[in-house]
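By letter and in written order, the chains are A, B, C and D; residue numbering begins at 1 in each of them.
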């Protein structure tokens, strides 16, 4: 897999998951007690032997840069290849609307040209999954496809598939039909936004697109030219979520309370890596009352925690009550406060006696460093 | 902007810890796991970093592989520095000499004078990697300079009945040491040496040389070098330390030190962000407390999966505790798996052990207290019983 | 100096030093055979004991990010403090003109607020110098100044002083006069763009400036309020150049051929650090002819090199002739080619027999990867 | 995605290099500076990296401080890996045993079987850190697998008159080794072992164990283990290597190997970007060739300041050569300062030496060739003469 380059294409998705993306891009949204969304696809890539990963960012990527650092946590701090964070050239993006991912790629043509890898695998930064991409690459190469698209059989949640495109495949998984308009095709195979293609194909596509004004790799190339291209489809197995809404974010976090999902997502086929931090053990005081919950290190629990996920360094004071909630790093729930169906971003303080209560289908979201 | 350092630390990490049994069969005592995620040496190393020391020599010779891998180039303690940082100093063969293992604590430093010379510091801090405590050595250095001391020894009051395990000193009203007894059979005082020394570099080198030339010397700081310096009238001062300090010498005291962390007034606040204890962090998901589980007055770490009941215990990373199992007053080390409906009380279960369903491990002997130790990688079949009762 | 924060404020100066800044910001322009311009102020800061440095960038900073990495080369890869690269938030800068450095600082207010340092030292990224800033900080603190500005006695080259502001000081170096319009004051003390102030003063200034629309820290605050502020001046000693033009760039490089300047600039008061690279020894073939030149490692010299500076990995083939030139990394001068009074950016190839000849007062500049 | 490795390397770096005199008084032979900026061990380490090996144990025991500081956690060779990377393996005290220094090459590996077990590789590559060469070990592994060998030994043809310095083998038409003589007084062949072995892990462990139990064994691969394996009918193959390979055993051969780099057909192209030799890079400004200076057929490094004439020589980092001085056929190591109007010919000047104005250092003895060695830190006053002439 030395000859495969990973590309994580971090799009602007501020509107779909507000508050949590006020100060960070979607790929660096915290998830599952100690992770960031990008950890999943990045670990999938490196566990599969990918040794060069380019992360295309657009804005609000300071926290992403801090998180990724030199890529050491993913063993990507390499002398050759390794991790590249590719921010936009500010002058290319002075227009108010995003000109499409092809222009991002175009601004880094020399980067691609200097890379030795043969194939590229392109993914967004908001997928929660743990994939063995070696098999997918082998499938792509064997099939001789121009593009291999990923798909999900039995798509469970609609929000995981923002393009809502179904597809129909032959016995050997060649794509026979790909919906131009959502809702026109029968079946249960839905497109996932991961593609494999040769670097050569990508470069030619970029050059042509710049000439004829195409902006979006999926919309303006793969979908538009679907009849001219030799497209194959590869199934995504195991746990899968694409974080495209607060609801989906909430539900995917809560899914982790299921031991089977957790074992699968965090360890199979390889471990999910993230940036480690210096936090002591979590301490449970006498009288604490915790069940069906995930807690990262460095928490101090004196109160009650049920069906919840606590990130690193959260304090739950005496008499505080947390239920069905996601509490991010270093937040503090003071004495006798009550938090239910809520998502608290980092360093939120809920004062003594205060109540924060959302609904199961609409968890309340509290922004970073708020004091309530 | 020169390369001379004000001070460097020499950290003695070669101790076998003979009374710790199996626990130290594959690692030196400073490498022992402690407090859910640390190794004992993390305390001395973190104290160095937090005290502003950027150059530390770690002297090893007994089973150093785990220690070497743990320390690496010192990244967790911010000791990966361009000038200085951490260096592992194992015994080695010298040009034209027979190989010599380190004999006593003083000899270990003596054999590495070339390392000290490389940095040419004004002061050398000599530490032991065996102790659990948080201490700002920069305050001790300040004291050392104020007293214009040749040597300053950090001291702590210990219980009288333990005094015979330590180097005991007597001081005059100014704090100058007038007498020093290494492990006295009948201690006359309870002011014990913590094994933390600050020397002026020149005087250190002079006395290491002198000690090395003395026939019959055990080449030990406590037994040989310090008494010699006292005899010759050196200015040796006692720097009084208040706070938590523990020399973990036995399985019982290791158990006790772990459980000390559960009391909120133990003086060893690991949550203090201004004096962090650094270590190599593991990559594991958050720990899970299952529906029906119960955990109280305990520490738990990432990667744990707890389906049973845990009280008054310390769980290291990746521990699995089955449904119906009760853990009490125990220390469960990394990656231990405990089945269902087992009961563990007053025990240390070492790394990677597997305890079957319905096992009973329980020590009821409290005077003298006894702790059951289950060995690393041990597989205990279902329904096993390990039990000690008071005689 | 743990309580001083360094700020390197990389402005957009593409217009003044074209070609070399087509693909990189001014701070990452290569200099002196193996350095980048930012190395000088960064080394000055860290040699002086500064342990936290924030680099404010605006655009074209990918090569700067590559160069700085985690700051390891400057011992700034620290767990607390260390190096921070602060790219702009793209949406703040969607206007076509640069709104001024104060807005850059404002967008990182939380960064400043979370910093523990007491004073800040602000410098641009284009200065070639080697300064002991400990003395300057001590002077600033003793004087009780609101702002300490740096100045140069006997300003030698006008291009080093883009603001062209002279100043007049009291016996104890309090600033008595600071030119509002260049050319109105007598004397030989010229302002250098380095300032020291307390973090508190900086934060207050930013808050006030945002309210009253001031954009530029020097122009709209220090210069405008000069009569209200308590300003002291600190002299810059040793070699000094501010790279504001190709001419100045060329001349400052050539200055390095003087051994006294070189010893002073590279070693006194501390060494200048840069990112190291894996290059073998430079190899001089039989028949090579080199004099009065500086060469970095990894060069292969078969031809003639006079009064020139060769960066890492340059190849000079048999019969090639280089004179009075600056040849950057991995460029190749083929057989019998001739290069005089030229600046060749990275990976330029001058083909067999080709001549590239500039003038002493107007060296020709060849862009990156050009083949001539 | 498991943690088992296909292969790991064990690099023997404990050699004293006794015939290298002063040069190895403070460092092991693998730490010797070479080629303007390298240390000899850089070649074996870089070969590992370039061959795709990510786990290397470096066995040290003689004067390892420089080697330890040089290797660190392996960053220059990209060996700072999450799983594996480089580990320094010094002799150590084991539980309940007396301390044992490494006896022979095989014993050094034997004492570190626990390290091999940790990675559970299919194959173990055993290397020496003493040799200068570029070799793709992955091709040798492929050969080893194809031959279904128990052991593969890399071999090179050496000049007949040097054959008695090496382990010499005889092979059948398939390349299978039929006879192995360690340093034979009267060599029957000139196919020499390069000290590069690939073993299947199980067979390696089995024979290390057997060798360890044999009374009187020197615990050396060449003298003991390989003959034993041959005796017992193991499949041992010779993997023929073509290219530059040098075992630097004497001051003369160290000098020769440095000067070999000046010939463009030496087969050791250090400019090859596809097989880089990595090392710790120094931070020094570009080197300066002054007006009036002359440099030809030579290597120079950053930090040099050359005012004189240099030909057919290798200059390490930070060398200063005064006006009017002539350097010919010499190796000048890091930070040497040479005054004006001196003349140096056929010499190695070791690190930090200072040679005064008008000095003459010149060896004219060529048969047997003799090279003058000026010791590290030596200060040679003006007008000194060091000269040897042919007898």
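To be clear about the criterion, contacts are C-beta pairs under 8 Å (C-beta built on N, C-alpha and C of every residue); 3 or more make two chains touch, one makes a residue touch a chain.
The structure displayed is predicted, hence computed values, not measured ones.
Among the other chains, A has the CA centre that is most remote from the centre of subunit D. Just to note, of A-B and A-D, the chains joined by more C-beta pairs in contact are A-B. Look at where the CA atoms of subunit A average out and do the same for subunit B: the two points lie 42 Å apart.
Centre-to-centre, using mean CA coordinates, subunit A is 48 Å away from subunit D.
Contacts with at least two other chains are made by residues 278 of subunit B. Residues of subunit C found to touch two or more other chains are 79, 278. Subunit B contributes residues 35-37, 76, 261-262, 264, 270-271, 276-279, 281-283, 285-302, 305, 314-315 to its touches with subunit A in the complex. Note for the complex: subunit D touches subunit A at residues 1, 78, 80-83, 278.
Every residue of subunit C that touches subunit A in the complex is listed here, in rising order: 58-62, 65, 69-70, 79, 85-91, 93-96, 278.
Taken in their complex, subunit C has these residues touching subunit D: 32-34, 73, 256-257, 259, 262, 266, 271-274, 276-298, 300, 305, 309-311.
On subunit A, the positions that touch subunit D within their shared complex are 47, 75, 77-80, 132, 269-270.
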